[in-house]
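So the structure is just underneath, and the comments pick up after that.
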Amino acid sequence: MNKNIHTFLGFESPYDEADIVVFGSPYDGTTSFRPGTRFAPATMRQESYGLETYSPYLDMDIIEDAAIFDGGDLDLPFGNTERVLDMIHEYASRVVHDEKVPVMIGGEHLVSYPAVKAVFEKYPDLHIIHFDAHTDLREDYMGEKLSHATVIRRAWELVGDGRIHQFGIRSGEKVEFEWAKAHTSLTKFDCAGLEDAVESLKGKPVYVTIDLDILDPSIFPGTGTIEPGGITFKEMMSAIDTLKGLNIVGADVVELSPHYDQSGTSTAVACKVLRELLLAIAYK
Amino acid sequence: MNKNIHTFLGFESPYDEADIVVFGSPYDGTTSFRPGTRFAPATMRQESYGLETYSPYLDMDIIEDAAIFDGGDLDLPFGNTERVLDMIHEYASRVVHDEKVPVMIGGEHLVSYPAVKAVFEKYPDLHIIHFDAHTDLREDYMGEKLSHATVIRRAWELVGDGRIHQFGIRSGEKVEFEWAKAHTSLTKFDCAGLEDAVESLKGKPVYVTIDLDILDPSIFPGTGTIEPGGITFKEMMSAIDTLKGLNIVGADVVELSPHYDQSGTSTAVACKVLRELLLAIAYK
Amino acid sequence: MNKNIHTFLGFESPYDEADIVVFGSPYDGTTSFRPGTRFAPATMRQESYGLETYSPYLDMDIIEDAAIFDGGDLDLPFGNTERVLDMIHEYASRVVHDEKVPVMIGGEHLVSYPAVKAVFEKYPDLHIIHFDAHTDLREDYMGEKLSHATVIRRAWELVGDGRIHQFGIRSGEKVEFEWAKAHTSLTKFDCAGLEDAVESLKGKPVYVTIDLDILDPSIFPGTGTIEPGGITFKEMMSAIDTLKGLNIVGADVVELSPHYDQSGTSTAVACKVLRELLLAIAYK
Amino acid sequence: MNKNIHTFLGFESPYDEADIVVFGSPYDGTTSFRPGTRFAPATMRQESYGLETYSPYLDMDIIEDAAIFDGGDLDLPFGNTERVLDMIHEYASRVVHDEKVPVMIGGEHLVSYPAVKAVFEKYPDLHIIHFDAHTDLREDYMGEKLSHATVIRRAWELVGDGRIHQFGIRSGEKVEFEWAKAHTSLTKFDCAGLEDAVESLKGKPVYVTIDLDILDPSIFPGTGTIEPGGITFKEMMSAIDTLKGLNIVGADVVELSPHYDQSGTSTAVACKVLRELLLAIAYK
Amino acid sequence: MNKNIHTFLGFESPYDEADIVVFGSPYDGTTSFRPGTRFAPATMRQESYGLETYSPYLDMDIIEDAAIFDGGDLDLPFGNTERVLDMIHEYASRVVHDEKVPVMIGGEHLVSYPAVKAVFEKYPDLHIIHFDAHTDLREDYMGEKLSHATVIRRAWELVGDGRIHQFGIRSGEKVEFEWAKAHTSLTKFDCAGLEDAVESLKGKPVYVTIDLDILDPSIFPGTGTIEPGGITFKEMMSAIDTLKGLNIVGADVVELSPHYDQSGTSTAVACKVLRELLLAIAYK
Amino acid sequence: MNKNIHTFLGFESPYDEADIVVFGSPYDGTTSFRPGTRFAPATMRQESYGLETYSPYLDMDIIEDAAIFDGGDLDLPFGNTERVLDMIHEYASRVVHDEKVPVMIGGEHLVSYPAVKAVFEKYPDLHIIHFDAHTDLREDYMGEKLSHATVIRRAWELVGDGRIHQFGIRSGEKVEFEWAKAHTSLTKFDCAGLEDAVESLKGKPVYVTIDLDILDPSIFPGTGTIEPGGITFKEMMSAIDTLKGLNIVGADVVELSPHYDQSGTSTAVACKVLRELLLAIAYK
């Protein structure tokens, strides 16, 4: 008799045999409105038992067609943002070093920063595809440089102009939208132009960060800051389908705050988005 | 002064004068994820007082334009699936024998099986129109032949190849989708082709089973297994409108689990779907 | 140190400098199904701190581009409908007299009646644009003349035939739809024809009343009577965008019942609708 | 086959054979904080199916040991308090005239006034036992004479000094507590002295009104105005047990607002309080 | 890097070194009111991370002072009660055979039957201490012999008269209370007499079954059938403390239905009861 | 017309005339389990309108008998604990400097530290009365010195041995309870000995910190870490009553997390506790 094992969708690959490494970063310390994304990875793991392993979208089965290891959640402290980011960076760096693709479950969006950094240190020509309701391009937020509201600005400091491709953006300060015109490729409201972007990135290393609040709150209310006017679930599926064939070297799914949606819909959405994203990464 | 009468939408027809007989089968014993569909018929009856009797979709009024009897809920035992199915079969058979159309409120989807059987015994050339997120075509589920996940497979054992028309399917095992290719007509994701199917079934006896989880969880989160990516409410209305003129000899609306949607939206949706379905049956 | 000030979106204009006056009418005394709209204005004020002041839809910032005063909520009694309506009328009349635009947060839809009356007394050639799921055209409701279900009929008694433009209507009694054919312009289900209506109203004084239940309950479940089949949030944004350039002399946003949507989505939707509506009024 | 009958605890007595008549008055029009008591009687009827008919407290079975008729809910209008009170008075008067004991399920506490009045008109020497968290002794509330906050003051205008026995009171204005010293018997916080009061009332006609918010919100959160510091459920049971043997000629249970307690505890509490109260009335 | 391990309170003992074996039986197939106890063991495991391992009640630390293995949940089918009971019996029998104490997390109360049976087969002189709100002594429930409402009657068929000690009982049919007088020792409402019972059982093998609905719903609303009037949490702690020194050879904690208490209180209560029960078993 | 003012219980004193200054510190950055105390002060202010200003416990009216200013909430950043604590310290210091009593609404318990520090800097002979479920005496928590779990340890570093009086403690690590024996006065489970402590502190400056989770979760589930076994609301009232006559020079009420109790009970409890605490401070 063995101790109780608990992995997303029942993933069974040992670390050494895995191509993809899933792990959770349960941190929400800079969340400015409703905290609770810390509960996302454990809740997703729990609820994933209600999800089929077969995807009729991609006609793939995630247990048969991918080798994935689930390392559980990092044991992060509370109230010390810098230390948290260091721990995530360390973990992601090890995964990257071992030639595997890290796929992180947030947590708030700031956790993407150390993961992007770890991947960027290996792939200096990294591009980022960024799905989100918010620009996340502030220079600082209430005086803080490290914040969910500044994370893409911080990532830009690593990768530079022309490397960040933003989709679905519908909220931010005027100055952020202005700044984006010079430094990133920003698409308002939806994912128009994603196909062209993907085409131009074929062969290049890409990090995909999905802030789930890109989705309309009708289908994804379980998040910190609710922004009506987002994309539908079918548009999200279509966008992920478009990513097939890219060289995705790192990815994350962030900003599920499960307690704010007691129907469980948001968690089910996050699980299916993660399943499809993993299949898109595994797709050959 | 009379005892308190409590019927869906205030239906007033006595049994003998009714063309349609509504009844509830509050069973959820084989539900594999979140139980609670047992509460659906009583909750729908209660909340139906908030619903208008006039449909601007069909320009019909359900009190004026249809003669419907509401027999309340069957008093089903717990934990004995076979006995439950026998009781439903007996009730539905009596309704069919009396030349009325049984319209059942589930409960989980397995309750459709004895109702289909009762109707099939009178109409051996029966066709089934099946709206659902799931294939429900497993040979067995965890060793059990009688399960919400096998109900359409069991129905196929009655009616045979080419008689089952499935719409909206977006979840299942790979083997179920394969099996369907040979035995049913399965449309993935939406209701494309429904008009043609209806056209080809004109004049034939048809059983319509609506698993409400065909709807996207944005509009119908109150169900056992949440499957993002479903049809909108307007698509559902349009599909029901398409059914007008068919010879519908039996029908059901299943898988509302009202406790999982505390906003009441799912129950309101189920009530309106049932109202429109009843009008489509009554339509001449 | 000053006492705690609490205004929608942090509006800072003093009354004398404001062009627009926001105030709340927390009344739900004639609500026939689920009460609770009394909580809407205070909840919206509270939650508005999570909303950006910049609108990427209109490329305007509501603090920079509009001068708005928030007067808080009227202190209305309970159980005496006539007295409540008098108090609202008195407040709105003062605002209109001071050459400002009253923008009221309900409360149930009946609160629109005294506000419309106050505006009509100044602008006898007033037109009304009415967004709603319901006709609200009953002559009386269970014997009561003053009701959320009769409010547009009462408004018609003021402004007369051809002055009321209804959009999104999908529920009512058969007789209401019949009556509308002779007296109002009623569009079922959506906002088709809104552009033409707006074009024809250019230059005329217009009152805009938005019953938020025009929205589909997938995005707006927090209301008294849930009516599936409504418009999407993007359609709502588009409709408000269409209003730009009209001479809006009064407006309201009603029927948010925040307690029935614990995810907070409905309140966030109401806040964003109000922000855009205010910007459309301020637009030059 | 008969139409669906729906009564509290499955009560089966026809009106003519009943000693006690249960009915619901779903009105909450003067509720000043959180409305929703209108849902109490229908919800209690629905949930009563989870309650045993046998009471181990009184060793009685309510189906065997009492003859009770459930007349359902009155069909009350909205927004017209006086008309609502008239309808309740008319119904209660008929029950009293037919020599039966009316037992009303509220609704808010104001509904007790017309029921007390109907009973008082037959029994001019009526005493009132009043369980509540609040004094309900205001002369008016925001200018309104008819209010849940004035109901016992209105009842005092009928029965006069020394006839009202208040227990559990823990909230009110200072002036109300002062007024009570001269006109009622008021016990703060608990039911101390109830036994003596009951002893002194033996043989006299008594109306018992139970505002369920006398209970601590730990066991009864589902009410309009939450007042921590109430009695426990066991104290409530003990108090009702003390009433055995009184000549109770009318009674009510008011102020359950079921939507505010999604665990269902408050509704279960209300059902058990009503069962025990009915048994205490039937007790010989 | 190892796969994600997930155990109650972080229990780390391997099976071979453990004295106590915790496992979950997520079955609720015969629940007659509100299902959902199937979610209890996984939810308790998840939430146990918020619980200290040190008990100030017993001054013991469960990681230091006990060797406990958590085997996870049994993978039970749905809708086939007999097969479920066989699987539980098989698992419990193996644990008993290996000279360890099985401690099961339900599920509904019926799961106690096969566990008691497994323990009884090894210890024919077994006594049962039964904490519950309900008698659970029906001969059958709606015709079914195997039901949560009959489980103690079934256990009595194994162990016989004078072996079952019931505490806290406050609900049942009259006939059950009558039957108990001849066959079990039944204490109504509280745990009076528990100390004497424990004293008389010193040295004998004892199975302890805790139906958590013995607790008042003020502290434990998250269960299928809510019965106001139960014991307080402090009384529960005191009762478990009394069990110290008994030869407990099997135990269970059943009837948590976590979805019905969204505050999480019921789950926290269940976790602490289980911690203290495990410490009482480990106590020397 | 003035901008909308929003204060707890409608407090009207200007800062200069106030004896007591209420303010909110909406910070929950080190919360280790369920965050959300950031919403407490605004929610309490909102819900306080349902609370009477008169206390039947102390026979005082808080508007008549006390001069209190409500300064609203501090505008704290996210993710930088040290900066947050500095801002609270600055505000509290100013209040203390102006010879007024600061009464802070948390936020998590760590916010007490800078408030205690500000008060201690003026009153070096300060004693602390600490109501809590938890010891809060850790040297560090996951490596962090500044944490809700270390706050009383940090306070001890200021005031030293024999100055901290802890009541109601029922959770912590073994080492914390050991440490307390040498450095604080710790009472487990309840408030036994409070009267003696108060007697011994007469005339000395005292800071009172109430972590509301000292209350049993039956009455206060809306908090981060649920600890069954706490005191009742009546015990809390009695404890506060005992504080009358002390020289309270600073106080706080912390750890309400309102979103986790949708019934509103926890917020109502927090409001009443705060009202009574303010009256006890104002009592002469």
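For reference, chains read A, B, C, D, E and F in written order, and residue numbers begin at 1 within each chain.
Quick note on the criterion: contacts are C-beta pairs under 8 Å (C-beta built on N, C-alpha and C of every residue); 3 or more make two chains touch, one makes a residue touch a chain.
Fair warning: this is a prediction, and the values are worked out from it, not measured in the lab.
Colleague: Mind listing the chains that sit against chain C and also against chain D?
Modeller: B, F
Colleague: Tell me which of A-F, B-D or A-B has the interface of C-D again, with more than half the contact pairs shared?
Modeller: A-F
Colleague: Where the centres are mean C-alpha positions, what is the separation of chain C from chain F, in Å?
Modeller: 41
Colleague: Provide the C-alpha centroid distance between chain A and chain D, rounded to the nearest whole angstrom.
Modeller: That pair's centroid distance is 55 Å.
Colleague: Note the residues in chain C that touch 2 or more other chains, in rising order.
Modeller: If we look for residues of chain C contacting two or more partner chains, we find 34, 216, 218-219, 260, 262.
Colleague: Looking only at which chains touch which, which shape fits best: line, ring, star, complete or other?
Modeller: Graph shape, chains as nodes and touching pairs as edges: none of the named types, so other.
Colleague: Please list, in label order, each pair of chains that touches.
Modeller: Final set of chain pairs in contact is A-B, A-C, A-E, A-F, B-C, B-D, B-E, C-D, C-F, D-E, D-F, E-F.
Colleague: Looking at the complex, which residues from chain A come into contact with chain B?
Modeller: Interface residues on chain A, with respect to chain B: 50, 52, 54, 56, 59, 61, 216, 218-219, 233-234, 237, 262-265, 268-269, 272.
Colleague: Residue numbers of chain A touching chain C in their complex, please.
Modeller: 33-34, 169-174, 177, 188-189, 216-219, 221-222, 225-229, 260-262
Colleague: Where on chain A does chain E make contact in their complex?
Modeller: Chain A reaches chain E through residues 1-7, 12, 14-15, 42, 45-46, 69-73, 262.
Colleague: Going by the contact rule set out above, which residues of chain C touch chain D in the complex?
Modeller: It is residues 28-32, 34-36, 38, 75, 77-81, 83, 110, 141-144, 146-147, 259-260 of chain C that touch chain D.
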